[in-house]
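All chains are identified by letter, namely A, B and C, in their written order; residue positions are counted from 1 within each chain.
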């Protein structure tokens, strides 16, 4: 087992979580490679082999556009999120690529202070080395009940 | 502190979680030694020193029977689970055995897409080395309100 | 990256969580340095730069007093808590001090067995080395809706 790599990937996931939870959304694209892909889908779709994602963005410009739209629409402001990441498992693909799976939980705190379980699921990532950025982050949500339009990046 | 051992045990807990969350229940017995014990109890019972577990299985054949019954009864199909594991603390018992305690949280996703907090508690494990299998996994649930019969392994 | 330090800090957070979840509140002050500070605030207050904490205690005697009051009031008895910690990020300040941020989630189990999401937020810590105790633990809660008086330490 590569101890350094395991902790480096966990640290990447942690930095990603803190950036979102601190509402530093403009930093979100920087966690991806230049051509990095971000895909949100549901476990149901995955199980049925349906290729249609709930959300798809590829490459830094498209990721930045997504954040710009969110900021412009101003729809996410009153909420706050809290990401928990657990059970990170690595599998090295090549010298320049490592695959990671992890479980996640996202809590959403509403304007009135109520906290609800917003999303849970699995991150399936391909991470470019040595720069430690996501070449691909697939977010597989357990539930099909979540409002994509309102959602900040998971 | 033994860095390698800490990460190896965390990896065992992670593989266990992903196997259950991916509905690969047939792999569940493989996480235990040949005579491995699986016990579910409640914090209340533990605090009172009541020996009666909510569920008990010992040895691979009994663990496999439990999965076969679940599959046959077909009662768990519509649900999905998501395990979060945290705060893993190790204590080495001998060269061939390490004790681990950890906190867990299980989310259950119902057929209608609703996600609920299904169970929380503590794993108290004895893990055989170097094969890294559970000689004993005691699942101490915080709440006494959970439907054992319907439950997949925690 | 300092692998040993990362795991040592995660172990500190884990021991802290287990002490609280096992109702060993008398051990809580020991996790702090002699002059250690414990502060609970809300994300809203932090964002607005409001210095007023929800709760503040400084130094081991004051921390012990807080536990004594809780024990005397006997108000926390029927509840049980479960702490989950995730996304631990370190930044070394000096040879004798490391800063840590981490996400947390606290589940509260009521007397009737119901489990609710009690609090979520971020730990912002300064940890004294090599003794690995909190010089400062700031608990930034996402929600402003929590009953401080009833709360055990987060």
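In the analysis below, contacts are C-beta pairs under 8 Å (C-beta built on N, C-alpha and C of every residue); 3 or more make two chains touch, one makes a residue touch a chain.
This is a predicted model, so every value here is computed, not measured.
The rotation relating chain A to chain B, fitted on Cα atoms, comes to 120°, given as a multiple of 5. Homomeric contact chain A/chain C is classed as different-residue, with under half of its interface positions used by both copies. Distance from the chain A centre to the chain C centre is 27 Å, each centre being the mean of its Cα atoms.
In chain B, the positions touching at least two other chains are 3, 84, 86, 105, 117. By the touch criterion stated above, chain B contacts chain C in their complex at residues 1, 3, 6, 43, 84, 86-89, 101, 103, 105, 117, 119-122, 142-145.
Put simply, chain A touches chain C in their complex at residues 3-4, 7-8, 11, 13-15, 17-18, 21, 80, 82-86, 105, 107, 109, 112-117.
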